[in-house]
Amino acid sequence: MTRNKIVTFGEIMLRMTRPDKQRITQGSEWLGLFGGSEANVAVSLAMLGDEVEYVTRLPRNKIGDACRNEIRKYNVGTDFIAYGGDRLGLYYYEESAALRGSSIVYDREDSSLTMMQKGMIDWKAAFADAKLFHWSGISCALSEGAASATREAIETAGEMELVVSCDINHRANLWKYGADAHDVLMPMVAQSDIVFGTAGEWQLITGLKAPDFKAISSDYVLEEGAYLEFFRHAQKILPKAKKMIIALRNTLSANHHLLSGVLYADDRLYTARVYDIDNVLDPMGVGDAFIAAYVHAFSKNGNDNKKCLDFALAASALKNTIPGDFNLVTEEEVEEII
Amino acid sequence: MTRNKIVTFGEIMLRMTRPDKQRITQGSEWLGLFGGSEANVAVSLAMLGDEVEYVTRLPRNKIGDACRNEIRKYNVGTDFIAYGGDRLGLYYYEESAALRGSSIVYDREDSSLTMMQKGMIDWKAAFADAKLFHWSGISCALSEGAASATREAIETAGEMELVVSCDINHRANLWKYGADAHDVLMPMVAQSDIVFGTAGEWQLITGLKAPDFKAISSDYVLEEGAYLEFFRHAQKILPKAKKMIIALRNTLSANHHLLSGVLYADDRLYTARVYDIDNVLDPMGVGDAFIAAYVHAFSKNGNDNKKCLDFALAASALKNTIPGDFNLVTEEEVEEII
Amino acid sequence: MTRNKIVTFGEIMLRMTRPDKQRITQGSEWLGLFGGSEANVAVSLAMLGDEVEYVTRLPRNKIGDACRNEIRKYNVGTDFIAYGGDRLGLYYYEESAALRGSSIVYDREDSSLTMMQKGMIDWKAAFADAKLFHWSGISCALSEGAASATREAIETAGEMELVVSCDINHRANLWKYGADAHDVLMPMVAQSDIVFGTAGEWQLITGLKAPDFKAISSDYVLEEGAYLEFFRHAQKILPKAKKMIIALRNTLSANHHLLSGVLYADDRLYTARVYDIDNVLDPMGVGDAFIAAYVHAFSKNGNDNKKCLDFALAASALKNTIPGDFNLVTEEEVEEII
Amino acid sequence: MTRNKIVTFGEIMLRMTRPDKQRITQGSEWLGLFGGSEANVAVSLAMLGDEVEYVTRLPRNKIGDACRNEIRKYNVGTDFIAYGGDRLGLYYYEESAALRGSSIVYDREDSSLTMMQKGMIDWKAAFADAKLFHWSGISCALSEGAASATREAIETAGEMELVVSCDINHRANLWKYGADAHDVLMPMVAQSDIVFGTAGEWQLITGLKAPDFKAISSDYVLEEGAYLEFFRHAQKILPKAKKMIIALRNTLSANHHLLSGVLYADDRLYTARVYDIDNVLDPMGVGDAFIAAYVHAFSKNGNDNKKCLDFALAASALKNTIPGDFNLVTEEEVEEII
Amino acid sequence: MTRNKIVTFGEIMLRMTRPDKQRITQGSEWLGLFGGSEANVAVSLAMLGDEVEYVTRLPRNKIGDACRNEIRKYNVGTDFIAYGGDRLGLYYYEESAALRGSSIVYDREDSSLTMMQKGMIDWKAAFADAKLFHWSGISCALSEGAASATREAIETAGEMELVVSCDINHRANLWKYGADAHDVLMPMVAQSDIVFGTAGEWQLITGLKAPDFKAISSDYVLEEGAYLEFFRHAQKILPKAKKMIIALRNTLSANHHLLSGVLYADDRLYTARVYDIDNVLDPMGVGDAFIAAYVHAFSKNGNDNKKCLDFALAASALKNTIPGDFNLVTEEEVEEII
Amino acid sequence: MTRNKIVTFGEIMLRMTRPDKQRITQGSEWLGLFGGSEANVAVSLAMLGDEVEYVTRLPRNKIGDACRNEIRKYNVGTDFIAYGGDRLGLYYYEESAALRGSSIVYDREDSSLTMMQKGMIDWKAAFADAKLFHWSGISCALSEGAASATREAIETAGEMELVVSCDINHRANLWKYGADAHDVLMPMVAQSDIVFGTAGEWQLITGLKAPDFKAISSDYVLEEGAYLEFFRHAQKILPKAKKMIIALRNTLSANHHLLSGVLYADDRLYTARVYDIDNVLDPMGVGDAFIAAYVHAFSKNGNDNKKCLDFALAASALKNTIPGDFNLVTEEEVEEII
């Protein structure tokens, strides 16, 4: 049996925004889309042509159904979703405008995924025809139960010899259940083959600070030496990691972002051009789009590191132009940008 | 000092509906209005010209702010609202259409009001210039804390000689914290001067069944003898109650309702005409509109029981024509219907 | 030269309604359509295939432009519109729902048409290739100037031997400039060849009351004898009138209307069936649709009175199903209903 | 291998409607949903819990993608869809209102399905794990190619011993390619095990007229004797048919419909109650909902003919309350109505 | 009694805009928000936490009610509003886009405020617990009556020792009733303690021209010497003024504005940074936001002139990002920008 | 008789876009506007005050009616439109956003205009009072029939001594019927008095390449010498052409365009400034706006070449700010930009 499937696991939520960049306190209409880091990765992968399975836990009600239908619409497998718990997490998201930053009112506590426990998912079955498993640190932030389910998945994936892909994805304000983020995440990151993170997230794991990304135009020159030094240090801490990646973003204003990325593999550093995006339409999910596109490219051209990085960056640049969390672009559209 | 204010207390939630009677699983737009039984009563009273204060507990975030602003818009006092807790309760409401009934996905657990405790509201201050306090059984269903806050309010109101108005408002599916609805509600209802309920709710309190309301047209004749017998029994159980009222509704189809009401006071029964409403636009809050209009009329013409009942019924009939939970009609508009 | 054109004259306004039957005090969105009795007649005639010219006075601004464009869209001539004055009249219209009646906030004072004077329109030119001129009593209600412009038009039409069609159209609340409605209208109605009115409007002109229309179903039988007696009296007062017509409507509820009509010509009475319309979508302009369809049928089949009346009634019944003031139906569609 | 899948085949189109029952010539907004008889059957089946595959031909463009995604959203298999051709068929649909009937501007010529040929679908593969195949006469009306593809499917299904379900679905105005509807359809209907049709459609196939359905209320009594006689005649013509069904609808007005149905099997007639539906929200797909629910019930309770008919009718009644073509209701919701 | 209230007085209007930057002549939908210079100041102050009373004159109809409700929603007192007159003023506002400037069709003549007279407001009562009164020159432009009501307010405020704040707010095209703007405004400005204006407005009052603000980037250096000279001259003309302020804006294109401000107090000049705002969302009310924030800061930190100016400028910069006229931002949000 | 009319001929289509820059595969709402190169020219001319007739072929259905109404709304004559054929062409247009380019799904085959033949339009009558005829190369790309109708029009216009204006308008992907674009277009361009084209289109006709327009800011200096050389060559090929014009656009990103233009007449070159447009709202129809404005200016000030070019360029710059295909701006608004 060929094992072609990519599996992602994590929480998905209902994201409520006001039309026309109104504040949360204005008007009475909401646009309710669904999104979550690992679901975003799954949908992006499916759009790029991969066979994908998304695993999560949803409540058994019409909101859970609507959420699952939305994922299925994009050809993502939903057969291993666990059902139960009381609610789908929710957040009210106020879009940014000029010098006013975006803001969020979270209402995600006690969600079905937060309340989950290990043993609820049949990982063996979910991974039967899979080649890669992607997880992120958010799941570990929500509750001891969600963290243990993640750990169980990573371990099973390891045993079944899947490539393990990790987005450190550290959100300090979500860690409320008493555990220490570093201590929980470190062993799981250490079991991952591909590791993505921002400079800050890498610092949490490695204790070392990567260079700041201060680009204000596409002319910006990355400090290659410093990155190389950083990654050599990181490799010592994470000897299993075969690809270590930092996605770089500098937010000049609500609608003006600069993006780039660096990748370290086999003791070499790979860099990419700097994208200057002046009319950002929707910045949600840009990091997830990067990861999905990298994983897609890696699956096709594993060791052409430069090509994989360039593809990931172009896809994430495109995401800025797509409303919603999902990067609804095809491989051809990404290639065109490159 | 003249004490003119009417105070109501209870939970308010965000009500999410789809446009154009779509199912919860269709489309991505939501209309988010606010509503809750006692808030509905408060806004209706303010529209009728009364001085009103609404007491509740709201989270300290923009959703809480938006909710408070909406209440304030209709000239309802918000000075005694307590702030705290994590979230505003929410429900997804699918409107009915022809033979398809309405349906609701509740997401109200752990709301700020559910998590409240007695002592959080300064009832003495809230009641300082008040003449009447209205509460409902929903608050007691949510949690021990919310029930104790309600009890505290009723007791303080009694001590300060306010008229106490009670809507039994029994929602069996909300009682999840282990208490028995009858046992919790009975002593509080017994301390109320005005008591509203459906036939089923009265049965919960009194153990006796009031007649069914089987009207299919406005010609329907109420069983006055049976109602009188019912209320005489109820009066023995609730000796303090000066006005006992049953709001009657028969739902022929999603858009075709028949409404009436009976009132018992000083050992006499008062009845009202039967309204036949063929194109119901929004049935939410019809019962609250009835209560608000009765309380308003009672405040003006306390002992003209027939007039008060007729006014209450006409106002509740009008509510069926107003989008949202609030009965946005003036006294003149109600009089016109009568 | 064949004279084929039909000319109508009167005020057109911006009509603002809320979406989804919200009250005027709810929400912030408005749907702004244009309408006015004689403009409605003009557009309906054009839809039925007639060559039509609409005469009015509009302000020289973008709102006036938008209004003219909307009329032109339906192939109504706009070459004799006078431009000037300060504003287009406006009204906020709250649609009815079940037992809640519709209501209007007028904001039409000092409109460009109200401020007009005779001499502003070149009636000779406007009537050059015309065969029929239609006016209504509303124009005479607005101001002495608008009344004098109407009088000038009727007189010119008479001199140029056009058929003059009159809709008595009495709106008591608009007569604010001190003139007496009967005294102003009577001489102009007396110069008209075709006269339309409700029972109340005919009473204003003739002093005599036509029978009430009390239909509650399509079985209703009109009191033919009483109508005949009424019209014989009216004919004495209006000897020039060749066709005298009463459009009949009984409004059972916001969405349930009964329609019929009677016509008197050459000392004979013609009646039509009773239409029972149970799901009225938009009742605005139903009377104007009746008039337009009658005028259209009269132009084609002048003396087949029964046929003309039936056509007029069917068209007005259809209008209840069209959003907005204009009866956007073709001759074929009307014939299908018959 | 258990063969559980149900396969349907036919054309799906983009259906454009105006919001708020505007005419096609009003406004500039469109709501674009997807629908088609056999796709509607497929989605309804999936909602009822069946494993379903929908086969069609779609253009390789974003409109084709959007259409496929919408089907997939409801858990309908799309693996055997053929891609090619130039366009997705389209129709502009004006919803009915009161006495104004609905109307359609078709723009479906040269659609991808119309331009298809036999051999484009791998029916053997599509039917590998299937138990039932459903087709309708519309596909045969579009072109010789589409008819031959349908014939090929029916024959393959027969060879592979699937139950064949047929909706005669005769639309006279679609037969433009020169073939005779009866001659084309007759042999294919004759190979079907379950046959659905209206009275008129049955007449096309059998030459005999079934009784008219003239219900104006739910009291209506069906002419059982006449139906039995009709079906005995039909059985002679269609000896293979094990279930023969007429879905009955009487349209009193745009929003007031009466529904019922009769089924003949094993020389017995089964009838159902008459549903009186007074506020029809969307009548599109009511017949398809009936078929889907019958097929679902038949798959579960094959020979309880009465039960299957009642379930089918209840489901089709519910469809009248769902916006769009798809009957988005669950088995539980249908059971509740019964 | 502590006098904490801030009172503002002026006209509020209904502002009608098209969605999506359409021209006034396109489409039929309008977004109707309320706004007016002094109402904007009032709402902004309430958002910043101040106790505020807004005084105006509204018609007694549902449009007047909707307007008052909207103000009340933001916790602005409405107890001293006078009711009467015929209409709420209205304007149709076409938003700018790239090189197309915004444009307005005014329809505000004969509004309730324009038709007001002195004596209609009980200023003594309105000012009883107030510390500051804010007015603007617009009220004086509308009519002799509105000007006299403003004069009456300023005089009463002076007698009751309120701080008087003045926005010169000169709109040349509004002055139609025959009075000379300078002659009417000069004595009222001279009685004010705080005076705001643009360079042009200051020139109207003082006869002297302040320097032009020609910034095209945030590097721009203000001509401090010239401003100081200007203000010293102005101080001679307005000896009572304790704070004199110029709000500076340079509009590079519809969406690209540069903002700054200068303040003169105690013979010293205070300047602020230049804000470069590249994606202006809604520029209406930016000047009012500046004034409100200054007044708020002045109330807290009266003599820290630099701090007050910086706060005012940051708040007005933020206003560019908020849809509508009101600056719906909190003190914390303004501080964050600084 | 004065011949004042301008006639344009070509195809108009329904253009479907998603709201809020969603992708074609997102959501279910469409905005359906009408547009087509020569219709855009016609509407723009009418807006500028010219007498205009638009000739096309439309289907006899409600979509054809809606399209004609929309054109008529803007005062464009529609008396010579031919009716027939099956359908109005359609295209789904995905608007660009930041670095994502716009994309189109065409569905225009077999449209009424594509299926037309010469002889269907009475060109003699259409040109009776006309002075100028404008056509474009798109019509010739659609089918042999449409090309022959265009040829017929050009020849008739020549015989009747109208000025012939030509937009080369080469869309390579539309030429599917087997003809060679150069061979078809060349003789028709050669009969035109005014010729518009992009550099690429001119190359198709002349075989010579005009200079590239590489402006990235408004400082860009055009290569006048190279243009002059180019045009001298072109003049030899097109000796009849009195005005030859290149509209120049450089698209830096979806919303950032640079525009200019060059004109050659009487062996002289005329250039215009470079417009830098940073917030393009809708770029559709910018070229048509240029042509319309040039033709308008030419009609008024034929030989003031510089003035005509400047006017054309300013109008096309403004078009970028108008939603839809039509340049809804007046002559005064264009003058203001200049």
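Which chain is which? They are A, B, C, D, E and F, in the order written, and residues in each are numbered from 1.
As a working rule, a contact is a pair of C-beta atoms (placed from the backbone, for glycine too) under 8 Å apart; a residue touches a chain by one contact, two chains touch by 3 or more.
Computed from a predicted model, the values in this text were never measured in an experiment.
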Chain whose average C-alpha position is farthest from chain A's own: C
Relative to chain F, chain with the most remote C-alpha centre: B
Over-half contact-pair match to A-F, picked out of the listed pairs D-F, C-F or E-F: E-F
Copy pair chain C, chain F: interface residue numbering same or different (half cut): same
Whole-Å gap separating chain B and chain E, where each centre is the average of the chain's CA atoms: 43
Separation of chain A from chain E, taking each centre as the mean of its C-alpha atoms, in whole Å: 46
Centre-of-Cα separation between chain E and chain D, whole angstrom: 64
Touching two or more other chains - residues of chain C: 23, 25, 28, 69
Complex interface listing, chain E residues touching chain A: 19, 275, 277-281, 317-318, 320-324, 328, 333, 337
In the complex with chain C, residue positions of chain F that touch it: 69-70, 72-75
Chain E residues touching chain C - in the complex, by the definition given at the top: 16, 23-25, 28-33, 61-63, 65-66, 69, 86-88, 90, 92, 94, 103, 105, 107, 109-110
In the complex with chain C, residue positions of chain D that touch it: 20-23, 25-26, 97-100, 253-256
